[in-house]
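Below you'll find a set of structures to go through.
Both of the next two complexes hold chain A, though its partner changes from chain B to chain C.
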Partner chain A sequence: MDSILSCFKDKVGEVVLPGDVFSLDLSDVENNTVKSEKIICGPGLRRNGDEILVSKSGILRHRSPNLYWIDSQQKRYVPAKGESVIGVVTAKSGDSFKVDVGGSELASLSYLAFEGATKRNRPNVQVGDLVYSQFAIANKDMEPELVCIDSCGRANGMGVFGADGLLFKVSLGLVRRLLSPQSEIIKDLEKLFPFEMVVGLNGRVWVKANGIQKTLIVANLLESCENMTPQQRQALFKRVAEGSL
Partner chain B sequence: MRETPLSNCERLFLLKAIESKKRLDGRQTYDYRSIKISFGTDYGCCSVNLGKTRVLAQVSCELVPPKDSRPTEGIIFLNLELSPMASPAFQTNRQSELLVTLNRQLERCLRNSRCIDTESLCVVSGEKVWQIRVDVHVLNHDGNLMDAASIAAISALCHFKRPDVAIQGRDVTVFGPAERDPVPLSIYHMPVCVSFAFFQQGTYLLVDPCEKEELIMDGLLVMAMNKHREICSIQSSGGIMLLKEQVLLLSVSGTIWILRKEGGKFGFVESMPKERITALKREESLVEMTDVQETADQIISKAAAGHEVVPSPVIVATGTGQVGEGLQNTWGLDEEDEEEESGTKVEKRGTGSKSEYACLPVSVFLH
Partner chain C sequence: MANDGSTKLSKNLLRMKFMQRGLDADVKKQLEEEEKRIVSDEHWFLDLPELKAKESYIVEERSYVPCEDLVYGRMSFKGFNPDVEKLMALMNAPREEKEEDEDEKNETRMDTDITDEEMARRYGSLVESMKKRFAKKRDRSSLKGNREDVSQNTIPSQPKKAFLKPQD
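For the complex of A and B:
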């Protein structure tokens, strides 16, 4: 496995394309010249027998001790269990709402999946509202299901939101960067002016600032800093700060 | 793929922003997005980028029998298609209302305005005429398809060149591009559509709506105009009641926009020399100049000899002078009246010289 590890280590931080193969030399293992290690394959990597195949184009990343994944850029969202997304309620049907999350199918959100909701006490949700919720079931064979409560039954920030404010769409890569613990983009944006923001992993972002002009500024800044290096971004933010103050 | 529905919060936010005169991408109320027009290698291929909206137009021609009701006119066939790659709302083989509206408006803009000279497309009257076919494909939908489609269609028509034909009695020879240069279409004027979107029952107005603005608008007014300040067609949809003054005001702002667009368009056309994309251009026609000189001499000799012309002023008798051409009048008056007449002649310049003009018709020919 050391051979694979060394191949991987060489390629960390480099662009890999679908079809690249990392193969293991079995003879080395049998001779006990190398130690066998466990490697965890993250998104974009797939194990095929004794080989590891790359299925998405992007940059190979690594986190110690043994996690590898591909950082790829895409805009089309595929529902995955446990992810928190922003959805738009499109219809009320029976005992559940139909919510559009940007995937191939509409997800269903039950009336009872809200905090403090009972059969008598219906939640106050209208068609066209925004909801922040988590996927309880999301696989490619079934219709995805959303819930607005966590396993303890608390809302934890989820539910209907956004009376004011602007919703817009960005790529999934930017969303992950915004949600990472020490996001530099957020830190830079905070210095400009105060604003509220809800980020859904399906690429949808909702922002609200003090006034329409500032909300538009924040939205346009976020959309444009997708392909910028940190220096360009900081220069842009500085220009905006001087311009608006 | 499914189309994302517009949420309530987006709708409210956009309406509030429009009320405070702000648009999503920072434009002003009367601002258009940047237009980029590019031509392909084939004659008649034009692609227009209006912000993120992309439209492609292609013109082709074919010899066909004419319609029975119009045996001496060519045929113009317009076809607009919404490709599914333009928007998740467009699906193949589905005749949507938007498609019908766009097609109809494009036809009205180009065909009813008579911007193309269809008589010049006739080859053999009653038997063969050119059928010009314009296919417009929408590649990306970010609002305001009508404007982009009309710009693409008229630019492609101006760019297009049809094969040259020679008619010998009843025989028609169509020359290929290698044998004779293709001939451009004769276009009188260039109508372009301008779209105005209305919000809050006509209180607020935006020019060139983007896709989100189109989703929340109450009504749409499309005006087709050309740079001679003529309105070619108006279409209002959405049931918005507009006052007469509002429509006139809009037509004025539309004119300003068209004039600006016309100026801008020439700058973008790198592949075509400027003098080609203009209105009707007539070929230089040969003038018979061979026997002009003989004709002139004949006419001069046949005409009566002109009167003596002396430099003015002339003193005819004491107390009377004469200024101007002509010494004697030809009106055949008596001798006694002549002296009175000559007195009045001083005020009138050039009297009695009618005969001089009669013998100089040659000047008209030598142009």
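For the complex of A and C:
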């Protein structure tokens, strides 16, 4: 167990590539009866017997005590259980809606999975509506399933939203930067003017401000944040705040 | 006539419930064994090595949310959508509490709107009304009487209530 920990520790913060192997020597654990903690391998790492394989290229990250994952840039969204995404309702089929979340397959969203919905009292959802919802089932071999309520049956902001506003796509890396606690981009953005946004982990961002012009400004700023250094970003935000753009 | 060799009843007949009473012990046992064999012949099982579940030291997690501690996805700034701002505070609260825990250790006294003196004064005036509330109806009238005593400084003789025998 120590071997894999040291093996991981050496590589934390370094670039790893798909196919790299971290092998786990279980004989140590069994022989020395060392009480070892379980290793949690996050996205980009895959368990294969006693080994851990790298399946994405990126930087190996670590969070104490024993959580490892790969920080990678990609645009393709793969559904994962518990993640909150923005979906577009594309069809009504019987007792569920088909929702496009940007994954390989349409997700299904039961009409009973809304706050306050019963068999008699159906939620008012039309084709083309945006829904902010969470994955209840996300399995690589099965159709993913969305819900718009938490485990207590409350909506907590999930459900249909977005009467006006603008929906656009950014990379998954930028979405994670936006959602990270104490995000620099958010701190810069909230100084500008009042606006609202919804960020889905599937790379979709919805923005609404007072007037189309301001909505477009926020959308363009977010899109340009993709490839900018903090200094460049701050300079740009300053110019926008002064009203020269 | 039943067991004299010349006429034998068939096994199927002997196995029937109403025939069981008159049977001998050995014949009964023989029949039971035969029955057991029939049952076990009909059962079949897979000839596989026993599966051994090894304890796994690796747990997989497919989502970035627990890894990077991502915040709630709906945001509103500068009061654009007050409902969403309330939700933001609610959903991001547990995270902030963790950070504030250490601050709170330093200053254990909480911010209060009402000072201790004010509270004491208020509860001091409440004592009387609470006492009234828990008193019985009969005591309540006497309580009232007592207060009047204090204010008027007169002592009305209150005759003790007692059973009066009715006259014939």
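By our rule, the second predicted complex is superposed on the first by the 210 of 245 C-alpha atoms of A that agree within 3 Å, B and C clash if a C-alpha of one lies under 4 Å from a C-alpha of the other, contacts with A are read in each partner's own complex, and residues count from 1 in each chain.
By definition in this document, contacts are C-beta pairs under 8 Å (C-beta built on N, C-alpha and C of every residue); 3 or more make two chains touch, one makes a residue touch a chain.
Here the structure is a predicted model, which means the values were calculated and not measured.
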item: More chain A residues in contact [chain B versus chain C]; value: C
item: Partner chain in contact with A:162 - chain B first, chain C second, else both or neither; value: first
item: Partner chain in contact with A:190 - chain B first, chain C second, else both or neither; value: second
item: Partner chain(s) touched by A:128 [first = chain B, second = chain C, both, neither]; value: first
item: Touched partner set for A:213, first chain B, second chain C, both or neither; value: first
item: Which superposed partner A:102 touches (first chain B, second chain C, both, neither); value: first
item: Partner chain in contact with A:113 - chain B first, chain C second, else both or neither; value: neither
item: Touched partner set for A:88, first chain B, second chain C, both or neither; value: first
item: In the complex with chain A, residue positions of chain C that touch it; value: 56-81, 84, 87, 90-92, 95
item: Chain A partner contacts - residues on chain B that touch it in the complex; value: 1-2, 4-13, 16-17, 20, 22, 24-26
item: Sites on chain A touched by chain C in the complex; value: 1, 24, 26, 29, 36, 38-43, 45-47, 50, 52, 61, 63, 67, 69, 78, 80-84, 132, 138, 156-157, 161, 176, 179-181, 183, 186, 189-190, 193-201, 208-210
item: Parts of chain A lying in touch with chain B, wherever the complex brings them together; value: 88, 90, 100, 102, 104, 106, 126, 128-130, 162-167, 169, 206, 212-213, 215-216, 219-220
